[in-house]
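Two complexes come next, and they have one chain in common, subunit A, joined by subunit B in the first and subunit C in the second.
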Partner chain A sequence: MNAVGQPLSRAEGRLKVSGRASYTADRRFSGAAHAVIVHSPIANGRILSIDTSAAENACALAVFTHLNLPRMNPTPKPWSHLRPHGQGHLPLQDDSIYYAGQPVALVVAATRDQAAHAGTLIQVEYEESPPIVFGRDTAKAAIDPPQFLWPVASAVGDAERGIAAGAVRIEQTYSIADRHHNQMEPHATTAMWDADGSLTLYETTQHLYGTRELISIVLGIPAEKITVICEYLGGGFGGKAYVWPHTLLASLAAKLLNRPVHLQLTRAQMYAMVGHQAATIQTIALGADKSGKLTGIRHDSISPSSMFDNYIEYAALSTRSLWSASGGIATNHKIVHVHRNTPTAMRSPHEALGHWALEGAMDELAYAAGIDPVELRLRNDTEIDPHSGRPFSTRAMRRCLIEGAARFGWEKRSPEPRSMREGGYLIGQGMASAIYTHWRWPAKARVTLDRDGSALVEIGTHELGTGTYTVLRQVAADALGVAPERVTVRLGDTRLPPSHASIGSATMANAGASVMLAAKAARDKAIELALTGRDAPFAGTKADDIYVGDGMLRLAQRNVGVTYAELLTRNGLPHLIGDGNYDPVPEAEGPKAVFSFSAVYAEVRVDPELGLVRLRRFVGAYDAGRIINPKTARSQAIGGIIWGVGQALLEQSETDPALGRFLNRNYSGYLVPSNADIPDLDVHFVGDFDADASPLGAKGLGELTAVSVAPAIANAVYHATGKRVRDLPITVEKVM
Partner chain B sequence: MHPFALLRAHDATAAIAAHAQDPELAFIAGGTDLLGLIKDRATLPARLLDINGLPDMARIDARPEGGLSIGALARMSDVAVHPEVRKRFPVITEALLFSASGQLRNMASIGGNIMQRTRCAYFRDEDDLPCNKRRPGSGCAARHGLNRNHAIFGWSDVCVATNPSDLAVALAALDAHVIVRGASGERSIPFSEFHRLPGTTPATETVLKRGELIVAIEVPPSPEGRASHYLKLRDRQSYEFALVSAAAAVAVDGRRLRSVRLALGGVAPKPWRLTAAEAALSGVSLDDPGALARAIAASFGDARPLAHNAFKIELAQRVALRALQIAGERA
Partner chain C sequence: MSETRRAELGEQRVAVALTVNGRACRLAVEPRTTLLDALREDLALTGTKKACDRGECGACTVHVEGRRILSCMTLAAMQEGKQITTIEGLEHDGQLHAVQAAFIEQDGFQCGFCTPGQIMSAVAVIEEAKAGWPSAATADLQRPISLANLSKAEIRERMSGNLCRCSCYPNIVAAVAEAATRS
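This part shows the complex of A and B:
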């Protein structure tokens, strides 16, 4: 039986629930000192003076400020995922303050509590200027940023003329609040140096190699001398794929003090010491003919960045490819420099922002044109990516729409707003679709087939809670023809073969492909031994006639077989090693456009007097190619849906306009969904093997599932109440 | 973490004396609020006196005449599920069960609950933002800042914070008394007088004096108790403080309200009793929602919104109405 496709439980599940999984923030090393960052309460200004004497006299082993910390090398330009700094501004290098929460001192002591206490004794005098904050007013002065990840603007055809020619037109502004990742495990680092000048970092990261490269550049150490380790990550969501200031500070402090230094951000510091998802103000315009066929789409987005970086939320990105529009599609992005730290990627960057406007506007169009929202989307479905002109490799949007609607019971919906009731409650049903970029990245892996018939997979990828240990084991097991329990997976260490960042839902398809190649390489060596080795059991036959299963090589025609164990013993080999090198063409260059797709359906119950919106039911139909493990995939999907519910109904990082700082910097002020907020979630996979996506046939899934949850819910709220909410989150006062 | 010494009390008289003499000493019960405040540097006591060992302060007594006596050290979870509390005063059980989380309720005491301090995010920020409650004279960042969660009643320009306790709203509606003991003996404080309005001195939140220990809460018998309800409205379905809440208890003649007790949470620096509405509601039929709403409006003439919470004026009236209707169905 194949392991791939089985709903296997997590390989590391027991370790996790019994508290034995070695999370970075929990790891303690003998002799380690503890560092705490002191940060600026002001958002804009300058340090006039800094008095560290009381801290030094208390219990601090050392205090570092811009006055005594060595200078670092500048962050590299242009920005690259291969050496990704979270922000260009480096900590404790000069006296300027660009954002509230910026590090102004690093205190090291024997314990964390002592370091924190000493930190409170540091007196900093500031010259303070009013901060610029993001909002509808400052957005008016938005500028055109230089290109960051993709071209900033796009134009296919003449969108304006297309919209003008439409019999039905929609133009609206949609906005979303700032949000933070709020991972359970705070960002943490333990840095330790060896006598030979090599650095080991235990780091909360979803990008081991990128961390190594960036540290190498900024601290001026050869990359080979740096080891980065992260065996388990307590949540990443994009925020831990970049190097943030605290990692640099811990590394330098460990060097200067010549002892291991552990640094863990406080919960409040997680709101400024590392990135966040920037708010967006988006304008969307649609034109369509009477039958609902789109004639033009324009989508513009404005988002804030820090004073020193040009971070762009590419909110209009997906609008380039989701639906076709006969006249044309135009998109553009602008940014505003404000006093905050640099925003960053957060599940699901770009896509989950832009779909809010696009799929909300599609619902408005459906009502304006008098067409069912599902039917409207079926009519605008396309086999060709409107942006690149390439055919989609696979696009099961139709199946997503139709099968999702069937599971949901969409045909029973009465289309009129406020027409479905239950007692005093209004019931609303809404839907939305989504498209998600599929990434193809290189990865290497090694598989060692042992003489005892077991196998070891080694790859420098990450376990973010997504199930990497489990799915890689399944892939290797099938390629080798052994039971999955016989495969051990090692990951999370730069001494292993290099993989890419675990972002963009890319690990299954890419890291997975390299593991498959490595396992096949090891298997092929075994086949070679069976054909030509000592006492070769299958001498005279062809490799093609041999298949593997149950830990054995077998000949297709005859009922004979040999176990890996026998074969290796016979040849006097302790093990066979297979190397996998997956080196795909980047997604922009292939002949096909590769994306994942979904259609999602939400039912809400609204208490119209109290303004309370409660999600009652949710159905998601996803085309993410072949599903390797339905159980971990479903877990990813329900996690993504819940993530989207947070975006829709609860999450917002509020900025005080006068102080220029995020205010609700904890789990009590920043609301994420509780179990009580989440009903049963119905997850349905419709995808097929997509060879253009990956040799495994899998496309990206995790982030796709967080996309379009918010518009589906908002569309359901409209259907329930007749109120169109265009600003997230949908709180009580917007509905009552 | 701010360093402090932890002391243990075994005897109430000695604990009261220690507290009276030492302005830097704080009682600690469950610690679920106090330790958070210390971490946020909103209060920095040098000494904590653990009162959990004090005898006879965790009892829950159902009095024969229909009232309750709840020891200050009784845990929220124990009070919530006590059969007589549930039967006589469902509003108390509901206020407690909608508070915090199961783990917190197992730790948190009733005395600590009514002493808990505001959730104003400026007040609780470790960075010492302008806050008159925290540092008198430093200003009120919320007055013209983010104030969705702040008051519409009873605030002053010096402080616009709300009291976060759910239980306190129920106790105010039920005319409970707070029994406190000091060097000169015990006194009984009517619940509606226990918390103060901020005026110009928002740092002083209750009438409790240094050297006074809360020993119990007395809930008098009331004909309305059984037909009572606590309605808590919040953005998240669980584990969140109230945006607006209402405690309602009623006695009826047929479908007409005979007497009503009504208090709001999340709208004022203290539990906000709607006395004018209570009077106006008497005699109104439960089947006439328009008349009920008009009577409730009698208490809203003095509501004053801030920049981000004007919706609460309307919302609070709707919450009060709904709580009243549900209580009415229990009569």
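This part shows the complex of A and C:
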């Protein structure tokens, strides 16, 4: 029986439920000192003076400020968050302050409590200037940023003429609050140097090699002298794919003090220096004929970035490819430089923001044209990517729409707003669709087939909750023809074959493909031995006649087989090693457009007097290609849906307009969904094997599932109340 | 040297005797050391996680005298003489606790970081239900709750002190329900 496609429980489950999975801050090193960052309360200005004497006198082993920390090499230009350089500004290099929460000192002591206490004794005098804060006023001064991912603007056809020609037109502004990742595990680093100048970093990262690359550049040490280790990550969501100030500071402090230095950010500091999802102000315009067929789409977005980097939230990206529009589609992005740290990718960057406007406007169009929202989308479905003109590799949007509607019971919905009630509550049902970018990235892996018939998979990828240990085991088991329990997976270490960042929902399709290739290479070596090795059992036959299963090689025509163990023993080999090198053509250069798709359906209950919105039911239908493990895939999907519920109803990082500082820097002020907020969720996979996406047939899933949850809920709120909320999150005052 | 100064330097320590996972432990901790830090730093029991360090997320949940408590919200010195159980103390003779097994079976976790706290809460939820304790989701306070009527709504309410950013909530509910029926 194939392991791929089976709902296997997590390979590392026992370690995780017993507290034995070792996260970065769980590792203990003798002689390690503890570091604490002291950060700026002001968002704009400079340091006039800094008095560290009381801290030094108290119990600090060392205090570092811009006055005594060695200079670092600048980050590469042009800045790109993909390389991965979280932000271009480096800590403790001069007296300038560009954002609230910027590190101004690093205190190192024997214990964390001592370091934290000493930090409170540091006196800093600032010259303060008013900060620029993102909002509707400052957005007026938005500028055209340089490209760092996709082109900033796009135009196919003549969108304006198309919109003007429409019998029905919608033009609205949609906005979303700033949000923070809030991984359960705070960012942490332990840095230690060997006598030969090599650096080992235990790091909370979802990009081992990017961390190594940036540390190499900024600290000026050869990459091969740096080892980065992360075997378990307590949630990433994009925010741990980049290098942030604390990692650089801990590394330098460890070198200067010649002892291991451990640093864990406080929850509050996670709001200041490790990225966040930028707010967006988006304008969307749709034109459609009487039948609801789109004649033109324009989608523009403005988002903030830091004073020193050009991060763009590509909110209008997916509008380029989701629906066809006969006249044309135009998109554009602008940014405003404000006094804050650099925003970064957060599940699901770009797409989960842009669909808010596009799929909200589609619902408005459905009502304006008098067409059912599902039917409207079926009429605008397309087999050709409007942006690139390429056919989609696979696009099961129709199945997502129809099967999702059937599971939800959409046909029982009464279309008029405020027409469905239950007791004193208003009931609303809404839906939305989504498209998600698929990435093809290179990855390497090694599979070692042991004489005892077990196998070891080695790959420098990451386990951040996505089930990597489990799914890679399944892939290798099938390629080798062994039971999954016989396969051990090692990951999370730069000494392993290099893989890509675990971002963009790309690990299954790409890292997974390299494991499949490595396992096949090991299997082929075994087949070669069976054909031509010592006492070759299948001499005279062809490799094509041999198949593997149950830990054996078998000859198809005859009922004979040989175990891997026998084969290796016979040839005096301790093991066979297979190398996998997956080096795909980047998606943008392929003949097909590869995307994942979904249609999601939400039912809400609204208290008309209090404006309280409760999610009652949710159905998600997803085309993410072939599903490797339905159990872990479903978990990713429910996680994505709930992530979207947070975006829809709860999450907002509020900025003080005068101080330029994020205010609600904890779980009490920044609300994330809790167990009682979430009803039963229905997850339905409709995808098929997609050879253009990956040799495994899998497309991206994790982030797709967080997209379009918010517009589905907002559309349901409109259906319940007749009130169209266009600003996230949907809090009570906007509903009442 | 003054007492204040000694305290600043962390030299002033208090002796604390705890029984952790059935083992008697004698610690000399700073007065300001939380139970969470004492478990993690002094006893190297790192299964208990520090996520918010201010009583908002539940990741540091342990049992004191059989009741769940946020170990970041109490000082080690306040628990003198108490019986503490952490996630490391749930397994017996290599056998997982029914709640641990149910979390694996129902995939009640993803990254696993909040999981020790979730499981310690879940074990306590089942004991609280057995003892008939009501919750905010209990409709009728005249009819004491029991394991048999520990509904999904009850589990959701009782498990809401434990945040999970991977958001495995439906699977956590399923795991607690499964473990409750086995108990």
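Keep this in mind: the second predicted complex is superposed on the first by the 731 of 736 C-alpha atoms of A that agree within 3 Å, B and C clash if a C-alpha of one lies under 4 Å from a C-alpha of the other, contacts with A are read in each partner's own complex, and residues count from 1 in each chain.
Basically, a contact is a pair of C-beta atoms (placed from the backbone, for glycine too) under 8 Å apart; a residue touches a chain by one contact, two chains touch by 3 or more.
Please read all numbers here as calculations on a predicted model, not as lab measurements.
Peer 1: Please work out whether A:Glu185 is in contact with subunit B alone, subunit C alone, both, or neither, and reply first, second, both or neither.
Peer 2: Second partner only.
Peer 1: Just subunit B (first), just subunit C (second), both, or neither: which does A:Pro673 touch?
Peer 2: Both subunit B and subunit C are touched by A:Pro673.
Peer 1: Once the structures are superposed on A, label A:Thr632 by its partner contacts, choosing first (subunit B), second (subunit C), both or neither.
Peer 2: A:Thr632 contacts subunit C only, not subunit B.
Peer 1: Contacts for A:Thr461 in the overlay, against subunit B (first) and subunit C (second): which applies, first, second, both or neither?
Peer 2: A:Thr461: touches no partner chain.
Peer 1: More residues of subunit A are touched by which chain, subunit B or subunit C?
Peer 2: C
Peer 1: Quick one: is A:Val732 in contact with subunit B, with subunit C, with both, or with neither? Answer first, second, both or neither.
Peer 2: In the superposition, A:Val732 contacts subunit B only.
Peer 1: In the superposed arrangement, which partner chain does A:Ser694 touch: subunit B (first), subunit C (second), both, or neither?
Peer 2: Neither: A:Ser694 stays clear of subunit B and subunit C.
Peer 1: Regarding the shared-chain residue A:Asp113, is it in contact with subunit B (first), subunit C (second), both, or neither?
Peer 2: The answer is both, since A:Asp113 touches subunit B and subunit C.
Peer 1: Which of the two partners, first being subunit B and second being subunit C, lies in contact with A:Ser303: first, second, both, or neither?
Peer 2: neither
Peer 1: What part of subunit A is shared between its subunit B contacts and its subunit C contacts?
Peer 2: On subunit A, the residues that contact subunit B in one structure and subunit C in the other are 113, 117, 266, 668, 673-677.
Peer 1: Show me the residue ranges of subunit A that touch subunit B in the complex, using the header's touch definition.
Peer 2: Residues of subunit A touching subunit B: 39, 41, 100, 113, 116-117, 120, 266, 268, 609-612, 614, 649-650, 654, 656-659, 661, 663-665, 668-669, 671, 673-677, 729, 731-733, 736.
Peer 1: Sort out for me which residues of subunit C touch subunit A in the complex.
Peer 2: 8-10, 30, 32-33, 37, 40-41, 44-54, 56-57, 59, 86-88, 90-91, 96, 100-101, 103-105, 107, 109-116, 119, 137, 152, 155-157, 159-160, 162-173
Peer 1: Name, in rising order, each residue of subunit A that touches subunit C in their complex.
Peer 2: 9-10, 12-23, 25-26, 28, 58-59, 110-114, 117, 181-186, 232-237, 264, 266-267, 463-467, 631-632, 634-636, 638-643, 666-668, 672-678, 680-681
Peer 1: Quick one: which bits of subunit B touch subunit A in the complex? Just the residue numbers, please.
Peer 2: 1-3, 41, 119, 121-122, 125-129, 141, 144-146, 233, 235-241, 243, 311, 314-315, 318-319, 322
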